[in-house]
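Consider the two complexes below, in which chain A is the common component and chain B and chain C are the respective partners.
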Partner chain A sequence: MYESLALKIAGIIVMVLLPPYLDGIARRVKARIQYRRGPPLAQTWYDLRKLFAIPTVLPTKSWMFKAAPYLALASALAAALLLPYGGHVPVNFGYNIIVFFYVVAMVSVFVMLGGFSVQNAFSHLGSAREMTLLLTVEPILAVVYGVFAYNSGSLNLYHIMTHLHLSASLLFAYIILGYALYVESGFVPFDVAEAEQEVIGGPLAEYSGRLLGVFYYAIYIKRFALLWFFVSMVTYPIVGPVHGLAKSVGLFALQLLLTFALYPIIAALEATNARLRIDHIVRTNVKIFFIGLGILAMAFMGW
Partner chain B sequence: MALILEYAIIAFIIGGLMGFLREYRATTKASSFLAFIGSILVLIQVYDAYSKGGVSGSVLGLPVHIDGLSNVFLFIVGIVALGSALFSMSYMDHHEKRGKAWVYAVAYNTFIASMALVVTVNNLEWFVFSWELMTLSSFVLIFWKEEKKDLDASFKYYVTMHFFDTIPLFLLLALGSVLTGSIHNLSYSAIQQHLATASTAYKDAFYGLFLVVFMTKAGIVPLHYWLPDAHPAAPSNVSALLSGIMIKTAVYGLLRFDWSMAGPNVTLGYIVAGLGIATLTVGTLYALRETNSKRLLAYHSVGQMGYIWLGIGIGMALIPKGGTLAAIGALGLFAGLFHAINHAMFKGALFLEAGSVEYATGTVDLERLGGLGTKMKVTAVATLFASLAISGIPPFNGFISKWLIYVAGFRSGSYFLAFGAVMAAFISAATLASFIKFYTAQFGGEREDYRDVREVPAAMQIGEWILAGMTLFVGVFPFIFVSFLNRGTLAVSGLKAAVSSNVYKIGFQSISFLPLLFIILIGVLVFIGYASLKPRFDREVRPWDCGSTEIDAEGYRVSAGSYYLKYEEKIGHFYAFTDWAYSFGEAIVHYIVKVYVWIARYFVKIVDTPYEESEVESVDALHRCEVQYIDEETLRPLVRLLRIVRDVIGGIKLGTFVALTVVVVGAIVCLLVFL
Partner chain C sequence: MSKSAFEVEVECECEACEKGKCDSADLVDVLSEREGLKEFYEEFKDSIHECRRLTYGQYLFVIDRDVLPEATLWWHNHPRFKETHMSTAVGTDERAIAGKFSYMPLINVQVEAENMDRNFWVLLKAYMPADDPSFPSVAAKLPAALWIEREVKDLLGFRPIGHPDPRRLILPEDWPEGVYPLRKDMDYRHSPMREPETEFREPPEGTTTVPMGPFHMGIEEPAHFRLFVKGEEIVDVDYRGFYSHRGIEKVGEGRLTYNQVLFLAERICGICGYQHSVSYAMAVERLADVDIPDRARYIRTLMLELERIHNHLLWVGIAAHMVGFDTGFMHAWRIREPVMWLVERLTGNRKQYGMNIVGGVRRDILDYRKEEILKVVKEIREGTKKFLDIALNTNTFIKRAEGVGILPYKIAKAYSVLGPTARASGRRIDARLDQATKTAMAYNEVDFKVPVYKEGDVLARVLVRMDELFESLWIVEQLIDQMPGGDIMVPIGKLPEYAEALGFTEAHRGEVLHYVMTGEKNKVYRWKVRAPTYNNLPAIPDMLRGYNVADAPLIIASIDPCYSCTERVQFVDVRTGRVRVLTEAEFNELSIKNRGVF
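And then the complex of A and B:
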């Protein structure tokens, strides 16, 4: 009882505090790749704190402009709350794979609604790109749902994590899941929506000060949630059903470690790639979708 | 004891009679009000039938039986008509210059009444009668504006319905009377009884003909070509009825005749699911590139209809297999029915909102609209609700039913149906894209040219909100509808979907969703976020245009047509491939018209009329011709004779006349003497 509560609270602390630090790790790694010294790990937190302290300049009277950052933050937190921390889910409002991805998509929805509420072509352009990105990722994720559901016999995340059995199609499904999550997180080379140098920040172009800070925070949490989901999907099936405090804590530590381990890889990928064009991304993702349908067929054939 | 439905129908009839009030506004308001009363009575009837577990009786002499299935669809009729009728009271003022209020009064009320009858009558003869009445009244309403492009749309609609609905339905009447041995014995139970022992050929004909009838009405690919033209042509309150209710009657028919009456058929199940997959993909991806708000919505009606058919197809294909698969099949059917209800609500709301924007600004062109969010706050929020609902964003109602369809598809154990679920999830994202565009192109940004736009009258806002509010209400409390919908699945398949539900949650087996908890969580998180990081505002500025002085503020945006241009280009092959459905539809209408014109010309030759010089080979050519009615055609020789007589007589002088009279009288006298 208490251990469950403790782990849930630990999870909440992690999801609230860790995401900006993860970004800090990424900045450090990127700097090292470029032979720079790099900022301190808490630099992203300092940036956010500074943004929170600055009042927002208002480019529109629209209420959506003001509400969107908070709704996005709430959605990102809700998505993170649905994930297991050491085998315990902080708030279980539907512990299944489809609900999780829909809640994650809500972050993008509010980013877009915020971006479109201003009369600014760059903002619109970035938001439309964000939607295009989502539009091409969603079918790939749908294929992954299909493989997991057939492989494990359910869409419930707990059931999936405990009932997956190894097969070729499952390995491929993990690969495209990782890819889809990477794209949905909007890391380079898939950062077309916010592309600073091209569309001056896209949907966030008109945001400043505190509201911008809230949006950044929401996006960091969303990235964290997607990564944590992947990490959980990797660790839980291997570790198996969680009983007892020691195993829970061990698993939680494992999740954390893997998250720390994966972030430098992401940062390295970011530092060594240049941004793709939106039509390149669409083409690649459509191809991967068709490959995914092949993988789904493999799953149904029992491979 | 008379059914409440009878009073509802009487209310609709009185509403039609309001056409006798001569003044435009009085007529539209009074008839809409009576339609409103009628819809409330319909909803009371739904509650009554639900609490009694089904009722039978007669409505104005028509045999009626309301079971679980009828009740689901009667609810759809009631709820959408309620919103639309309330909305119409003010909205119809927008069309005042067109006059013809009595046509509207009669057709509008007849339309709702006929749809209520379609889903409740208990006899094939009366079903066909109500169905045809529904088609006719909807045709009148689609054509009511009498604009050139709308005329073509309504014509296409009518020809299509005539060929693919009326002809198969009359063949079915014949088939039914052959089966039961009498044209006067076409009650559903009698047909079902005789069908059970009929040969497979009869059964296949029964399945096939009904499938065509309902495919056409539901706008299933490739017979959907009429829908995106017809629905936007009507006034928006009628579009809401067309998309919200009318196409659902086809779902009712499919379930009633092809499943409940003829028994489940696995092959047909896969066909229905396959048609559903094709329809949801084609409909929605076409909607994605549409920039006319009402056409966009009409294409989404096609797309969402695909979801419903997919759910029903999963049910039809899996239930006969028994065991766990049957449970998943029942879930598919349940989800299909649920999506029908949900689609009625959000699509009804969306059409009403498109109507509101049209009322306020006079246009439905998304390329030209913009910046209405600050001017029409109430409509904007209602649109946002309905848009999120149709995109399947939790916790709105569209999410729940789509989610159940995915679950049924992914768990079906069949690659084909799982593929359907994959496409459904993909298309859900496309729907989101399309509605982000729909919402933001109208309400996003700030524009000078719509500075004077004001919010629509209260009746319209309430009409919208009845439906838009329901999307959230049903999404948060889906449990209310579970046993109601399960009566429907029970009536169709004899199975209840094993959906577990209580105040907090809805779920199937090990998966569940707790919408109430979710919305509270989001609310709490927003509150915490807002309270701890309360926004502080500096000054107001114009949007940053990189310091340019040349850019005009109105044009500083991405127009609706360009949102997803890159995506549309990349999937261009898809559009090229599916455009054949349109040419197919156009070709069908063209050839049917050609046959009709040939028949007409044949008779024209016989009665000798002036059509000979003009080459009449297509609809356009007919438009150019002077209209002549059949009675004119027959009486024409006589009229011509009388004209000659008048001209001759008119030219005669008195002397000549006297002389002629003398000669004629003399001749008569001579004749008499001679005889």
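And then the complex of A and C:
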């Protein structure tokens, strides 16, 4: 009982504090690839602290402009709360893979709504790109989740993770899951929505100060949640059902370790790529969606 | 200088004759020096009033203003001289000398690619009466003239009759009508104002306007592209620039000597400053007819090439940054840095070398520094090879650059697009070898290739520049190897009065052109600067049309635009000493308030 509570609290602490540090790691790794020293690991936190302290310039009277960052933050936190931390899920209920699917999407939706609430061509362009990105990547995720759900016979995240059985379709599903989560996170070849040189920050163009900080924070947490989801999907089926404090803590540590290990890889991918154009991404995503359908069919066939 | 119309028909002169060096130069001789001149003379015999050889490979025709379009097009579209282009034009307020205004297109005639002894410059000067400064426009048929005709309209009040787009180009929105800053009776301290009025083009139906600029992250300097888009596709583009035009011309007016203008020339641009400085020095040396020592020519060439090397590395970094490939950006600039350190050792400055002087260079290259130069060259070559290996194998980078921003050969030629941008579209031009640079630089004594690509997309522009970079490294090695000894400068002495000549180099962005007309007492009466971006920018809308908003920053950056070059110093007019200016009919009432005398 206490053990479960302790792990849930630890999980919440991690999801609140860790994401900006992960960004710090990415910045450091990128800097090293570019032969620079790079900023301290806590730099992203310093940036956020500064942004939180600066009042926002309001370019519009729309309430959506003010509400969107907080709603995005709430969605991102909600997504993170649905994931297991050392075998214990802070908020666990029925068919929560569908909830997870859609709260993650809601972060993008609120970024978009924030962008559309101001009269700015770049905001609108960026938001339109975000929407295109969302509309092409969500079907892929839906199909992949379908494979997992079918494979494990459940729509509950934790239940899925602990009841997967090995098959060819599952392995392919993992590969596509990795891709889709990377795209959804908006890392470099896919950061078209915020592309600084093209649409000067896209939906975030008109944001400043505290509201901008909240948006950034929400995006970091969303990225963390997606990565944590992937890490959990990898670790839980291997480790199996969790009983006892030692195993829980060990699993939690393993999750953390894998997260730390994967982030530099993501950073390296970011550093060695140029940004794609939205039409490139759409084309790739459509292709992958159809491959996903094939894999879903494979799963139904029992392969 | 100015001859009345009837006396000149038959008479032609060359500078050599005046100095008594040549006894038999006459019309026939001058015209037979280069191919095409005689043909041109026969064609326009009735309208030509005077023809002269200004200096080696530069021919001036004084013609009637009515035939300006035909004469310009005759050269530009000459079937045998394929790469001939109208480089720019010069408008001059010659009322103090000839009582008239003059407008003069400058044409770069290419008889044979890369043969500086057969190609030449043609200057077509047309006089216009002081009370009616107008001339028939050629811009409708020759887009290369679009900007320059708008420019002389803004700055000198000439009227290009039949110009398709006579909007304001250079002067700011709050500048009143009827005040022409480059006329001699306009005081340089005077800055009149009115209510700002913008003249933007109407967007095409069904499009949204995306304003790129006046300040935009993707374009480092102020420029205003208005993209008319449908979704993400660019349908049309409107451009308004010249926000950094500040008329250094008038600041220098009446104060600077010809050697001081040289240092002003170097400050036109932060990147290709030395190119401007050499071009200006060359123009003055040509009109004074002095030959500079060989060692000076070699040192100049060395500095020019080092400048090209670091600029190309800088540019490729920016191009990578534009598509979000920051690793490429950082590494390109890291590789570039040793060149900056090297030129600092050689000249004392990272940029703005202050190395030049009319008649030679100011600092010698010490012999023990040669090793250092060779070491840096080797480093750069290896570094760049590695860099290209990585960049050209980055799939996402290639995907963004390939097949984007295509500039067809025809458009490149019509707009007189220059430099690597033109060479990536298949134009075989390079002012280093095409025109007689041998008086000021040593390109005729080194061996190098001019890379030309046919694709015309952004990737081709990357490749052209990278090939050029390796050629430049090779040139530097040859220069070090062949560096002759001897003096590094010759004194110029007194400049001839009201003589004209052109100076030019091939900067990293294309041909830099300086036109100088001397005044009295070793001063400059008229100085016209044409940076290559001035010709490349008007072609941008054609490159953008049909592509994505996402491609716009990369396409714009791909011509390596330099707004400060193009805009800051369109012209610099420097007037002689304390001469009282004639008060003409157009004498501006506001400038009377400012004493009108300077």
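FYI, the second predicted complex is superposed on the first by the 300 of 303 C-alpha atoms of A that agree within 3 Å, B and C clash if a C-alpha of one lies under 4 Å from a C-alpha of the other, contacts with A are read in each partner's own complex, and residues count from 1 in each chain.
What we mean here is this: contacts are C-beta pairs under 8 Å (C-beta built on N, C-alpha and C of every residue); 3 or more make two chains touch, one makes a residue touch a chain.
A quick note: this is a predicted structure, and the numbers were derived from the prediction, not measured.
Colleague: Is it chain B or chain C that touches the larger share of residues in chain A?
Modeller: It is B that touches the greater number of chain A residues.
Colleague: Does the superposition put A:P189 against chain B (first), chain C (second), both, or neither?
Modeller: The answer is second: A:P189 touches chain C but not chain B.
Colleague: Would you sort A:M106 into first (chain B), second (chain C), both or neither based on which partner it touches?
Modeller: A:M106 contacts chain B only, not chain C.
Colleague: Touch check for A:I200: first (chain B), second (chain C), both, or neither?
Modeller: both
Colleague: Which partner does A:A271 reach: the first (chain B), the second (chain C), both, or neither?
Modeller: After superposing on A, A:A271 lies in contact with chain C but is clear of chain B.
Colleague: In the overlaid three-chain picture, which partner chain does A:L125 touch, first (chain B) or second (chain C), both, or neither?
Modeller: both
Colleague: For A:L293, decide between first (touching chain B), second (touching chain C), both and neither.
Modeller: First partner only.
Colleague: Touch check for A:A142: first (chain B), second (chain C), both, or neither?
Modeller: first
Colleague: Let me test your reading of the model: by the given contact rule, A:Q34 touches which partner, first (chain B), second (chain C), both or neither?
Modeller: Touch status of A:Q34: second partner only.
Colleague: Mind sorting out which residues of chain A both chain B and chain C touch, each in its own complex?
Modeller: 121, 124-125, 128, 200, 278-279.
Colleague: In their complex, what parts of chain B are in touch with chain A?
Modeller: It comes out as residues 370-371, 373-374, 377, 384, 388, 391-394, 399, 403, 406-407, 410-411, 413, 415, 418-419, 421-426, 428-430, 432-433, 436, 439-440, 444-447, 505, 507, 509-515, 517-518, 521-522, 525-526, 529-530, 533, 535-546, 553, 556-558, 562-564, 566-567, 569-571.
Colleague: Which residues of chain A touch chain B once you look at their complex with the stated criterion?
Modeller: Touch residues, chain A against chain B: 52, 55-64, 66, 70-71, 73-75, 77-78, 81, 91-96, 98-99, 102-103, 105-106, 109, 112-113, 116-121, 123-125, 127-128, 131-132, 134-139, 141-143, 145-146, 149-150, 153-156, 158-159, 200, 205-206, 208-211, 213-214, 278-279, 282-283, 286, 289, 293, 296-297, 300.
Colleague: Residue numbers of chain A touching chain C in their complex, please.
Modeller: Touching chain C from chain A are residues 30, 33-36, 121-122, 124-125, 128-129, 188-189, 191-192, 195-200, 271-280.
Colleague: Where on chain C is chain A touching in the complex?
Modeller: 208-211, 216-218, 231-232, 320-328, 330-331, 334, 390, 394-397, 399-400, 548-553
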